[in-house]
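Just below is one structure, and these are the notes that go with it.
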């Protein structure tokens, strides 16, 4: 595809058609990329979890079950669109839209290749953090709109979780920004001669836990906890709107994996393969880790979720910030490999001490 | 270790209906939960959605005809129900079971205990949120036991295998070698499963100290089985009131002290090991000879009454039979373990959150067929 | 081996405390006057030599001209069990004093007997049907219940 | 309650799950890959042998569901009732096998195949000739050891006998 190879080097000055053509090309690329990656994510999750549970996973539709996500999408689209009459119609209808759009916005700032991103905002990361918390509004509208007690509980849990996990997530990002000196995602990827996962191990761990808590995956999937709240906030959704929420769940997972690859795994930089392929491989690997934790770990209770955020991640994030600040200020030009050793030691100590002292909340309330 | 804390802000409780159709109510069990935010204030269970009137049906069937009915009581461990019913009828009609029949009964009872505990622990972890993985690993072992039951009596779940005076058919010759091959496999599996879940922090956080059932409340409610043993009541009918040939095997009864969900999970895993130990001993000593006493198809026990009970996988399962010397039992009351084990649910759950309510309910391990009869 | 107390033993143990309570001694069960049932059970549960703290089951049988309610208790300490019976003669609204105060396990089992057999238990905290729905007329386990 | 094991418990769990990917799944692909069911399998149909049957109706008495209906006429042909109709409503049959067990003349077998679902409830009711044994309606070895010997050996998950997908 010459378009992609054309964008191999930094975007040239005489990029044909100026801004509008560039905007159109990348919007199409982003939408296609998100939809295809979501299909791939659904397939990886169902096959991966299947093989982890001693079963095959879908292998009937298409070769090796590759058309299973397509079959799911078709089935869900053909389903009747039931709206409960106690529901608040407008809020119920609008919720999936508001939940889905921020996820697409995140991809505007993620570099697929050197300079190949919709807009290289110099406040890229700030834009990501700001936008990613809008989808909580959509989820809460869904919870409130469907007039069902279970979904209201699910939505309340989601709001509580996102509020308390925003802070460790942002602190982890600031740790990274201190080392790069700039907020723009392109600059972050350029600054990563040593992937930040080695330089900032504690930051990576905090970011990964906070991200999977916000998009309600792996041990923190309380928002649509199947065993307690039947299907959490999207209990009353069916048909097209349910497809949107299904899409949101996986698109957010892909978005978070993409952000993690950009910030911690040095984005598209890699030795032999073409850069955009590196980016996709790393995103899939991070997504697979999310599938892996989802298959293994039981769910955490809501008050333990809160306690984990405030009593464990937040102090650890502050320590990480403090240590990386000292390193950058006092030894600005020293090679970063020394920081790798120091930071890994700090991470091990923080986790060791943290897990020892961490008491996740009171269990029983005197009633 | 868990500190209790007063609720400060004033909130208004609301009633949530965890209805018969709910992903983790193990069948058609319904409860109206009064909630204050996430904290459970009170639950009011409602039964009867699976009430088929089995005790009434039993009054119209011959003593042998009732055996397929007992399959449908606790459909997760049908062999246990057959055994309890047949032990009661043999006590009523004073029938002696030959040696080989007794040994086959002990082997199948221990096999169904393992299968039931696989299901119980699996579904409790499924409720705790581990999406299917522990459940599928345990179900894989239960599938192996299904194969053995199918080889024995033709059906995987509703066995209808034990008869009054012994068992319906003899062991096929490839049954014992397959069982001998299965025992070490299960040992290896249990060790791997312990490695997988025993120290899992999230499971400890979700299950330890949750839903504590104090010993005196358990005794007062008539709780039996792993639920009681987890609270420290050292009572197991195989030792206290040995039926069949259980007094010839040496095995010990695992108990725990603080009676929370984690201890119930531990007691069930230990009990699976003990059952394996019993099967090991039983396989070596299965005698030859008849597997069933000379009992006609339709028996007329002398007028009178008898109560026979066994240590089923879920606890004490008993049948109180009254006969008036006719071909059908005059009255048959089923002492159902799950129904009585549920009486303590209200005390166990008060003050905990919804997520704990589901884990506690899963740790009790009930089957609705046995609750509603 | 859980030895079931024979009728003679039960009678001898109870006659000291409750001279007129025991009506008739069956094979290994004792017929107790329904009025003094709670007192007898309380005594059996708390008396030091007896300590019957675990209730096995409560059930009722319809013998056409009278109902018989059967209780079986076991002592986990001494590994002994005892079976008590009471009778109520009337067929419409037979009542028996409730043991829910003494054994919490008896609570639902008595509701089940009320639901299926129609015997009300005086003093039961929440005497309602447990299996069938409220509007169900009649009690199915009675022998004369028409299909 | 606290995380006593520094998160190692979770890592152990993760290790076990990832290792399971390399094990062969124990599920079999049903329509293509058929496992042999037990030789004593209680399939969902009844097979009746008209020659051996003497019309004694022990099976009808033994059936807890009252599913077998037998009408005999009294003109004794060589010391046996002449069986007019032998009707079985397999829709209500719970496949408990008590009839096969009760029959003193081995005239009754349970079916071996389990794929006998029907579209109409009426098709469940089978009378005399439909009950005969035939290649489509093989008899199972339940209570008939001689038939059991001829049937194929059961595939057991214990022996991991689930062969590769074709």
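To keep things simple, chains are lettered A, B, C and D as they appear, and every chain counts its residues starting from 1.
In the analysis below, a residue touches a chain if its C-beta (ideal position, glycine included) is under 8 Å from a C-beta of that chain, and two chains touch if they have at least 3 such contacts.
Everything numeric in this text was worked out from a predicted model, so none of it was measured.
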Most remote chain, CA-based centroid, reference being chain A: C
Selected interface, B-C versus B-D, where C-beta contact pairs are more numerous: B-D
Chain A and chain C, separation of their C-alpha mean positions in angstrom: 62
Approximate Å spacing (C-alpha centroids) for the pair chain B, chain C: 26
Centroid distance [mean C-alpha coordinates] between chain D and chain C, Å: 44
For chain B, residues that touch 2 or more chains besides their own: 2, 133, 137, 140, 200-203, 205, 209
Set of chain A residues in contact with two or more other chains: 52-55, 295-297, 355, 360, 363
Junction residues of chain D - those touching two or more other chains: 1, 3, 5, 7, 10, 13, 16-17, 20, 26
Chain pairs in mutual contact under the definition given at the outset: A-B, A-D, B-C, B-D
Chain D to chain A touching residues, read off their complex: 1-3, 5-7, 10, 13-14, 16-18, 20-21, 23, 25-27, 29
Complex contacts: residues of chain B adjacent to chain C: 47-48, 51, 53, 55-56, 217, 219-223, 233, 235, 240-242, 304, 307, 309, 316, 318, 320, 322, 330-331, 333, 335, 339-340, 342-344, 372-373
Chain D - residues contacting chain B, complex: 1, 3-5, 7-10, 12-13, 16-17, 20, 26, 37-42, 58, 61-64, 94-98, 101-102, 110, 140, 142-143, 148, 153-154, 156-159
Contact footprint of chain B on chain C as seen in their complex: 1-2, 27, 53-57, 59, 61-62, 70, 72, 76, 79, 83, 103-109, 112, 116, 129-133, 140-141
For the chain A and chain D complex, residues of the former touching the latter: 48, 50-56, 59, 292-293, 295-297, 351-352, 355-360, 363
